[in-house]
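In what follows, subunit A forms one complex with subunit B and a second complex with subunit C.
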Partner chain A sequence: MDKRQEFIPPILLALFVAILPHVAGLPLWVIAWCAFMWTYVMVAIKHNRPPPGRFVRNALAVIGLAGLLLTYHTRIDATAYVSLLAIMAAIKPLEISTHRDGMVTVFLAYFIVITSLFQSETLLMTIYMFVSVLVTTAVLVRINDPAGRLKAHFRLSALILAQAVPLMLALFFLFPRLEGSLVGFQRSDFGITGFSETLRPGMVSRLVEDDSVAFRVEFDDGIPGFEQLYWRGVVFVHFDGSNWRHERWLRESAPPETGVNDGVSYRVILEPHRSRWLFALDFPLMIPDTGRLYEDFTVLSRDPVFRTKRYVMTSDLRDHTGKTGFPGDELIRLPGSGNPESRALAARLAESSDSPGEVIRRALDYFRDNDFVYTLTPPLAGRNPVDDFLFSARSGYCEHYASAFAFLMRSAGIPARVVGGYQGGEINPYGNYLIVRQSFAHAWVEVWDEDKGWFRVDPTYVVAPGRISDGPGDGLQPGAFGGFTGRYLQPFEALLRQARFGWDAFSKNWQAWFEGYSVEQQKALLERLGIAYSYRTGPLMLLGAGLSLVALLFGVYLVIQLRGKTEKPDLVKKRYEEFLRKMAHAGIARLPGEGPMEFAERAALARPDLAPAINEITGIYIMLRYAPLPHDPDAPGKLADGVKKFRPSAVASKD
Partner chain B sequence: MDTQRFEQIVARISTVVLGKEPQIRLALTCLFAGGHLLIEDRPGIGKTTLAKVLAKCLGLTFQRVQFTSDMLPGDILGVSIYDQNSGSFYFHPGPIFTQVLLVDEINRAMPKTQSALLEAMEEGQVTIEGETRDLIPPFFVIATQNPLEYAGTFPLPESQMDRFLMRITVGYPDRGAEKDIIRGGGTQKALAGIKPCMTEDDVIGVQEEVGNVHLSDSFLEYLQNIIAYTRSTPHFHVGLSPRAGIALAMAARSWAFIQGRTYAVPEDLKKVLFQVAGHRLRSASDRMEIPETRLMALFSEVPVPV
Partner chain C sequence: MIRPKKPTPLPVVLDRHRVYIFPTRQGLLFIVVLIAMLAGSINYNNNLGFLLVFLLGGILLVSMIHTYRNLLGLQVLSVSAAPVFAGDDAVFNVLLYAGRHARKAVSVSAGQYTSEKPDLHARVDEGVPVSVPAQQRGLLIPESFTVSTVYPVGLFSAWSVLRPGSDCTVYPFPKGVFTPIHDPDIHKGGRKSGLAAGADDYKGLKTYQPGDSFRHIAWKALSKGQGLFAKDFGGAARRSVVVFDFSKVGGNDTEDRLSKLCAMILRASRENRRYGLVLPGKTIPPGSGDAHRHRCLKALAVFEDDGTDG
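Take a look at the complex of A and B:
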């Protein structure tokens, strides 16, 4: 019998379900390739056309690989890998002719399902992957039992899946967690935004309309005021006239000596951003095990954050670090020329002031008194961007203010640097935690003072105080935010906000417990169980323990198998005996020498009201007991159901 | 073959043998199982008619031998005769070289002659003057006999009885059927008009299909319960032999097959139980055969496994 007609449609279904999450990420030609091949296969088996010959199949494989090479060159990342799988999955059905081919292809589908993790690990994706595995397993059952009913196949598949859940959870909690990306591949980079190592004008304002979540924070003792929430990310030190750059070579450092020992403690659930920044409130005191604190008080993770990361931190919320040594000439260095007017302004300020503090105050006054405008769309800057900003345009977003202010400070001989990060947050009333979105991105300035050490100066606050106290939208010039959608969605806005907060709370918990389950959490869990765990040897230990456990279980299984099959309870007998008990209770007892048919006939004559049920049960019973194998896989279930529902009254109902 | 076709065959035979459908079914069951059939009853009941119509209906080559007390084995098997022209012996085959052999009044011949059938019935071959000759399958013996108490009969030895898969009795026709028989004045004309219902290939095919009917463990357990019962309880002189067990299984298979099933159930065995076991069992008290009602009452004690 031709296996193709039986096998291919369900296998195509499994492949289709498995590939679906990747559709947005794969190159268009790969999608078209899959669609074409699968359609062709369906049409071919419908018209009973023979599969293409070996030459055609080989040629297709070569063309597919060549296409991949042209698309990706040697850049082997997650999408390239998934594309390869998709191309192979598309042509594999062309050569399915045996049972073995079918099995191999179904395993390919499982493989593709796993790759969905390259896309995301969100709750939705996890649910979808469950469905995928359910479908694929049902297909696996089906190609091994083509005559059975689809419903039974799905039921068996669901049963297998349910049985796998405990194992899955055990592996989830105990399998060594690895920092970094999954199986060495970098996750595809769509949609991940955030800071880079260079602060260019426009970089922060570009993020303002990005609503996606950067991280979420739970505070142990209430959420502090918004004007205290400066989330430190990256410190920019080098200025080249228009851009600020991060210092790559930093020394590790102890926490700043603020004189405060117990700061605010909080948990951050950080979305993957592919860099190493761990955002911390100014100024971090205690940092997680897998992070390092550097001399500019930024915290970096040991590995780039490719997966959701959960960490606990403690910070001191004061705006200065306390006494530190002179940071070095590096912090007052400026390009040799450019922005002459600004330099002149700084010189004037320095000359007429007695102390650095007064310079700072007067610089801020300059912003306050000269009608500066806080806007997302400043005019394009020329060759001297700081001059243009301070003297002609006088409009810009936070990075312009920070950059200009730091420039003025350095010109006046005061050490200053620009800090990039996030400011503020959005309180989710469901769960009472803080959501920090990309749109909360912010840049501010830190200035060094002999007594206070580094302390924060936020020139944006002077221009648009609402930005700091009420969120990024406040204080912006009209037009900056979409007025159109705002107007039409107003009636639903409250509802939408509620729904959005509800969903966010839900996904936060998911992230906290599932995606954010990392080395630290695993260590904590194991230590609570009394197992010492070190980051270096722990994974090996766990792996070894896991393997021994598997070997032990397998051994036990083998012993049970070798001892001969344990007596399986005869369920058919049990059910039928139950039926006989019920009949006897209703007054019709089977005689020992009576066969099932004879009994059914006699019973049906005595109780015509029960005849249909009696005949149905007897029919299934006889089939299971006397008919040759294979039996209908549903029959035992039907027998159990029938007997369970069979409730004869003691006396026949009188019509 | 399906049940519908089978019913047609039964109906056609019923046009000759009136009012005896159950017996016709049992007879066909026996033949489909590839077994030899013994029809036992008083004279004039229609044994021979039933045997003849069965033989004719199967569409096989057919020979009839009327056994008498002076009959010798050679009269059945054949003899070598000296040909004076060629000066050599040549074999003159007897009536046994056929596919359906109707042996009328088998118990009228001497045991010596009866035994001549043994090898043919069991092995499908005959050995004459030291030379073994095969019979063409399918080979059936349909024999008729009068009950033992009638004068001028030699009872069949037990070994001979065991060779018959089933023994059936015909019994008097009911009043309505008898009226038609009497009005018709005999069955000769109807018998002459009957045409074969099957071909040789049909018969071989049916036998093959019967052999494929499934016997589940539960069924075999019941069958063995029956056999064990005949051996362990004090009602029987001698219990059923393993050969009888095979016979029971084959007959039950055949009955299941004509019911249109591909597997046998205990009820199938019960339907053929008396016909298969009746002539193989004797009462322990008087060494006589046990009547059907009594035997079936005894067997109803054998539990059907659940």
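Take a look at the complex of A and C:
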């Protein structure tokens, strides 16, 4: 039988299931590569074509590696690693010809499964992991039982999984966790969403359709009004004519002196974003130990956030910091030239105003009175993007408004900066917490005033007040949210929203519990059992306990599975053995390896007087043993009778 | 691994004293992969990674029980082989009885020669034929038979080594154009007249007599409790009696002579003659039938040349 036909399609299934979660993160050509190879293999099998030779396979391996090198150069990060696995997974099926090849390829699938876990630990991923292990194990069974039915293989796989789960849980809870990691490893910026260090036009608006969760927030006492929910992330101070850039070199600072000491306290559960930003409500008063507060009142984590991070913060929700010193010329600096019309507008506003406050008011009036449009799809800007926005296009998303407004302020000599972060949130009624999605990304402006210090001005609010009070979708031009969801799912929207909130609440609790399970929880677990945990001996005790529990479970399985499975020596055999014993007493012993027929023939020749009895007993025995079913139900009784009555005299054989 | 060198009396139940289990090479590789995954999970402090590693570890342990169970309690009833001629494959029929539950993918091997049975149904005897090339005449006795399985996931192998001592009689390779049977030189005892009915003419049942071929036992009658009968095919032909004598067969050497004798016996048997055999040190009186033929050919198979070239 051609092993390829039996093995490969299920193995491809296992590989496909394993790679699926990676599809978004892999380079397009790697995905195409896999798709091509697997299709080729399937076609080749269908048409019974021989697998490609060693030369072709080696050449493909070299091409694949070269492609990787071109894509990643020498940057060895997680994506590069997964791409390498994917390329191997694509070529490997070409050379499966033996049982061993099949097994090794399935191990590769298991390996790919774990790499996707390192990138996401969500509930969804956990469920998916079980599914892919189920599939992969079923394929493993298939390789070892090619004649069986696939359905039976899945059933057995499910049984094995179900039996493995208690062992898994015992080890999971008791396997000692360490603090920190063994060796550092460069993590990639896999699927990074959210903010970067530069604010480009279009950067925020591209997030609007990204429904993924940026972070969740639980408030100690009630969720504040939406107009107050400005989640500060990054402060952009350097303007080059179209982009705003973050200042890398910041001094640490004390919290702003707002005069308020007991702000609003809340817990943030931040999804990994691979950067150091820790989002805080304006303006942070107390920050977590793992973070640092900088002079622009942003909070940065000590290490990039690769895993879900929980932190507690306290903020003062007023829109200004209170008196601070003059922030420096840096905050009114603009490029030497460009955007002349905007500069002229700023100069006019400054000339006709008595105070900075009036300049701000009149600049906002300018936005209000000139039919500005809030849209995700503004026309492309030219060489003077601020001029284009303010005087010709007059449409854009929040970053356009923030950028133009800050430009006007600086042109008028007022220190201003752009703040990037999130605004608002979604209240989950199940669990009463706030979900802040990537789509809530926002940019606003902070202006410095001698008395108030830094205070927040949100020009978007003037153009689209609903954006602030009702969420990011509101106030957008119709058609911005087109597509499938908008058109066809309208009637189910309420239901969908509810389901989504329910899932979110459940998965948040799961994540908080599951991902957070660590050395502290183990300590608590042991202490609840009345065992003191010390950091020196604790891990050993846990390991011992875990292994004992596994051994115990294993023993229980053994007993259950193997109990009574050994068939009692059957009576037919027992009767026949009795007959053999009697024959041996009579001087004719069966030789090793001598079959019943041979023995009977020999014995009948040696003792013709016993021949009829020997032949009858042997005949019934052979029939019960060898003749096809069903047997005569009386036969065992006859055998027993025959053997019982069989009393050979010890007469010497007359050979 | 200490294996009993003493012969295994059949039938035997593969109980826990007889079944060994150890990871296969793929199983060992799997363990290495798991250790690597565990190291990764520890490094990243990734609980989901831990979960997967422990799930796979659990699968490994559970699969061990499944594999063990697939072999445990299996009964090996007999190992037997029909005689073959040198140069053919000796087919040892290893008769297995699955017992209470069905078993899958059980292999039986004799040395490097393996045969796999995808399914063994519950409570049914099933034979697994293991072919071993029979190069030389004599008794082919494989040192041991190994019954093994890696089902269901191939990570563990459970096996049991049996030494049933079963043999396969390997007749000499029949060869050569031999002297016609009527040749007076090898013709002894003269003709006896009386050509009986053709061998294939079924005449009915007769009472079983010692020496009647087992192939002719009327199983149906036996199973109905009517007693032991043999099917009468008209009896052996009694056309003539010939005796084949080792010392009178020409040939280059002993093996050559044995091969020629073998061919002669086969022909005589086919022609339904009564024939005898004379070998140095052994004489088989004339007879006929399957048992007689086997007796003669076996004598050739196990013949040991004591140096006296006849």
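Here, the second predicted complex is superposed on the first by the 334 of 655 C-alpha atoms of A that agree within 3 Å, B and C clash if a C-alpha of one lies under 4 Å from a C-alpha of the other, contacts with A are read in each partner's own complex, and residues count from 1 in each chain.
Keep in mind that, in the parts below, a contact is a pair of C-beta atoms (placed from the backbone, for glycine too) under 8 Å apart; a residue touches a chain by one contact, two chains touch by 3 or more.
Computed from a predicted model, the values in this text were never measured in an experiment.
Participant: With the two complexes superposed on chain A, say which partner A:Phe514 touches: subunit B (first), subunit C (second), both, or neither.
Facilitator: second
Participant: State whether A:Ala604 touches subunit B only (first), subunit C only (second), both chains, or neither.
Facilitator: Once the two structures are laid over each other on A, A:Ala604 reaches subunit C alone.
Participant: First (subunit B), second (subunit C), both or neither: which does A:Arg625 touch?
Facilitator: Both partners, subunit B and subunit C.
Participant: Contacts for A:Pro592 in the overlay, against subunit B (first) and subunit C (second): which applies, first, second, both or neither?
Facilitator: Touch status of A:Pro592: both partners.
Participant: Kindly classify A:Leu580 by the partners it touches after superposition: subunit B alone (first), subunit C alone (second), both, or neither?
Facilitator: It touches subunit B, and subunit C stays clear.
Participant: Determine, under the contact definition given at the top, whether A:Asp458 touches first (subunit B), second (subunit C), both, or neither.
Facilitator: Once the two structures are laid over each other on A, A:Asp458 reaches no partner at all.
Participant: Let me test your reading of the model: by the given contact rule, A:Asp388 touches which partner, first (subunit B), second (subunit C), both or neither?
Facilitator: Neither subunit B nor subunit C is touched by A:Asp388.
Participant: With the two complexes superposed on chain A, say which partner A:Asp296 touches: subunit B (first), subunit C (second), both, or neither.
Facilitator: The answer is neither, since A:Asp296 touches no partner chain.
Participant: In this superposition, which partner touches a larger number of subunit A residues, subunit B or subunit C?
Facilitator: So, of the two partners, C touches more residues of subunit A.
Participant: Where on subunit A do the contacts with subunit B and the contacts with subunit C coincide?
Facilitator: In subunit A, positions 573, 592-593, 595-597, 625-627 sit in both the subunit B and subunit C interfaces.
Participant: Which bits of subunit A are touching subunit B when the two form their complex?
Facilitator: By the definition above, subunit A touches subunit B via 573, 576-577, 580, 591-598, 622, 625-628.
Participant: Contact residues on subunit A for subunit C in the complex?
Facilitator: 99-100, 103-104, 107, 110-111, 113-114, 117-118, 121, 125-126, 129-130, 133, 137, 140-141, 143-148, 156, 160-161, 163-169, 171-172, 175, 177-178, 180-183, 185, 307, 514-515, 517-518, 550, 554, 557-558, 561-562, 565-567, 569, 573, 592-593, 595-597, 600-601, 604-605, 608, 611-612, 615-616, 619-620, 623, 625-627, 629, 631-632, 634-635, 638
Participant: Residue numbers of subunit C touching subunit A in their complex, please.
Facilitator: Going by the criterion above, the answer is residues 7, 9-11, 13, 15-16, 25-26, 29-30, 33, 37, 39-59, 61-63, 65-66, 68-69, 72-73, 75, 77-80, 95, 99-101, 104-105, 118-119, 124-125, 141, 150-154, 164-167, 208-211, 214, 217, 219, 222-225, 227-228, 291.
Participant: Within their complex, state which residues of subunit B touch subunit A.
Facilitator: My answer: residues 214, 216, 218-219, 262-267, 270, 299-304, 306.
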